[in-house]
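When the chains are written out, they are named A, B, C and D in that same order, and each has its own residue count from 1.
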Amino acid sequence: MKVFAGFTLGLFLIGLASFTMIQKKKIIFFGDSITQAGVNPGGYIVRIGELATKENLAAQYDFIGAGIGGNKVYDLYLRLEDDVLSKKPDIVVIYVGVNDVWHKRSYGTGTDPDKFEKFYNALIKKMQAQNIKIILCTPAAIGERTDFSNELDGDLNNYSTIIRNIASKNGLPLVDLRKAFLDYNTQYNADNKESGILTTDRVHLNEKGNQLVADEMWKTIKSLSGR
Amino acid sequence: MKVFAGFTLGLFLIGLASFTMIQKKKIIFFGDSITQAGVNPGGYIVRIGELATKENLAAQYDFIGAGIGGNKVYDLYLRLEDDVLSKKPDIVVIYVGVNDVWHKRSYGTGTDPDKFEKFYNALIKKMQAQNIKIILCTPAAIGERTDFSNELDGDLNNYSTIIRNIASKNGLPLVDLRKAFLDYNTQYNADNKESGILTTDRVHLNEKGNQLVADEMWKTIKSLSGR
Amino acid sequence: MKVFAGFTLGLFLIGLASFTMIQKKKIIFFGDSITQAGVNPGGYIVRIGELATKENLAAQYDFIGAGIGGNKVYDLYLRLEDDVLSKKPDIVVIYVGVNDVWHKRSYGTGTDPDKFEKFYNALIKKMQAQNIKIILCTPAAIGERTDFSNELDGDLNNYSTIIRNIASKNGLPLVDLRKAFLDYNTQYNADNKESGILTTDRVHLNEKGNQLVADEMWKTIKSLSGR
Amino acid sequence: MKVFAGFTLGLFLIGLASFTMIQKKKIIFFGDSITQAGVNPGGYIVRIGELATKENLAAQYDFIGAGIGGNKVYDLYLRLEDDVLSKKPDIVVIYVGVNDVWHKRSYGTGTDPDKFEKFYNALIKKMQAQNIKIILCTPAAIGERTDFSNELDGDLNNYSTIIRNIASKNGLPLVDLRKAFLDYNTQYNADNKESGILTTDRVHLNEKGNQLVADEMWKTIKSLSGR
């Protein structure tokens, strides 16, 4: 009997372990080339993993990069089913907007602000229908000058405001990278440089940029997953 | 007995009539402002209805306009479920491309050719999954000059070629409006005018333009529905 | 003797009058549609005239509008000889830059920043060769939002910085309209409106805008002409 | 006496030589990066020199390249005095237009067609005032596809038409490179390639392109200089 009981207990413990594994949170980072580079050594997603490890929380998360270079909000919408919904994540971090603004000038193929908002809302609606928790991010920078003389600052601020409003209307957590980058540059970019502070090329993240993004996102991910 | 038999026959005929009504083809015209105007008096969709009436085929078709001004291929994709799939059409005529090219210049928000193709294919895939028959159209014109000196001719030809290739790869019927408009203008626009032949303003259709589009589409709709 | 003396005095007075007339300063306002509208009733050039009248200085100035809608810096250069140099002005107020930035987006025909600077310097060089005094102005606004979310704020700030640097390198007086408009809007545009504070349509001046420009320019014109 | 006579003859011969030197025609090629590369080994200006040598006409010409990368029509106007008028050429070949069209899309800083015409006419007027003979050229290509599906074909055709009209209105010789390139490609670009036939990269000339341009220009230069 005891043996049997012990065996029962053993099964129960195994069951508990499985249960914990089922509770592991799957986090998908959904974005453009910045996110695509996030899974490279030193990338922001790798750094989030390191932060989790430091805090002994690594076992509780799967961090999955789903970034593709050149993506705009409607590209995310096109591959939402394949790259996000079908993977059944718990949390999705949407980090998009740079190309929607940038490609207006470089290729004539940016995204109108009203359509940016429409597709963004469509992303949210489809994810929420599947009970996915969503974290929104503002696009950090196209140029790091602090005097608002980066060519696309006006438009980037406009699209950031659109995202902030979506977050606030839907009660969704926001990682305001645009603000975080401006604050950091205001403090550390006294020479009003175009790049080299948090980016390598005005847009893509250097070490410090990746770390800043990782820090900001990690705080929000933890708070959203109740840890 | 005869009466009864007659009555039986009568019921049978009514049944036959109902059966025919069930077979009525629902055709959705899916596009931009040109299609939005197609349901106005004199519009190309209204004219297709008139062609059907002349040939005593009106009872066999429901013609439904689903055009929204300013739409590009990805806007069609965004509202595909609501405006097309949920309505269970038999045939969908996709008529898009002008804004994908035009908005590059006018707003910086056109569509890259590779993404144009990707979204176009996604539209087709989703409709075919629902056994919808599809008719493709090339964008007719942005300017009617016949010497290829309309500012956006090169790009419009490029996107028309993309659509022709999609049609050919998928074995889908094509209404080559771009070619039809060029042919017509070559014959009737000796003065190399920018507009006024088939369009009012280089893009939107005048009476003759609406009739030409109606004629071309009607031929293909009939052949596709086996009439 | 008295008659003779009186006659002499008369001549002397006539001489004095002529002398004053020779000293009358000719001021040319050289710019785009904003300056073209400046000579209309309520326009900023008319208002500068009114300011001069109030201070009993009207007789000392000829204020001449030389604004043409859609002009960019190179358009000014093209018509410099005909519209400025040949008229032998004492002072020229250069007020240009909005279209150099704006037309990038609206027509794809703005001006590269390095060429903006090159043509601007060429204007200055040719005028200085004729001993004309020059007043520079920064472009006031394309949109009046105060949070730097007007689409073209970044670029407009960049071109304003170029002009400020040209002024400083050449020791030329600057009317910093960009700064003046931002300051005014920060105070009076609490609702972050796009237009209606100093402009009618984000660019062109309303009554208050015309008065602000007149006030700012008048101060500099007086100081430059030693009054 | 003999010595003196000999001396006289010597002087006379020197005089004859001087006379020949004065008659040497100075030809300036005024343009953009295509012309800048024209003085490199294998470049079109070098090849024109070779053609002159072959026909024993080299001693009669000075061929001078005055091309600067990225130049548009108004850049030519800005440096007209320094790079052309001050050098007192006999003939100037104006070869411009590619960047006026191309930069609309790539940088948002192309040239409006009406201003293109205005600056082009201003170039001509200033050169003619100095009795310089002028040869006009149409811009050859931005892409070599023969089915008018190169993105900028429409606009390039439009600007070519503007140049053809200027030539015809002013009775000036035209080297219609646009037509020559299309004709050549129609014959030799059966695969509808974007580049590699006459250009290396859709715009800049390969060996065959440089030779074609040299051949076409040389014919016109000879006929204009009466040889």
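As a working rule, a residue touches a chain if its C-beta (ideal position, glycine included) is under 8 Å from a C-beta of that chain, and two chains touch if they have at least 3 such contacts.
None of these values were measured; they are calculated from a predicted model.
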Practice prompt. Taking all residue numbers used at the chain A/chain B interface, answer same if over half belong to both copies and different if under half do.
Written response: same
Worksheet item: So which chain is farthest from chain D, going by the mean of the CA atoms in each chain?
Response: A
Worksheet item: Any idea how many Å lie between the Cα centroids of chain B and chain D?
Response: 48
Discussion item. Report the inter-centroid distance (CA atoms only) between chain A and chain B in whole Å.
Written reply: 40
Practice prompt. Please compute the C-alpha centroid of chain A, do the same for chain D, then give the distance between them in whole Å.
Written response: 54
Fill in: Residues within chain B bordering two or more other chains
104-105, 107-108
Item to complete: Going by the contact rule at the top, pick out the chain D residues touching chain C in the complex.
Response: 74-75, 77-78, 103-105, 107-112, 115, 118-119, 122
Worksheet entry | chain D-facing residues of chain B, complex | 104-105, 108, 143, 147-158, 160-161
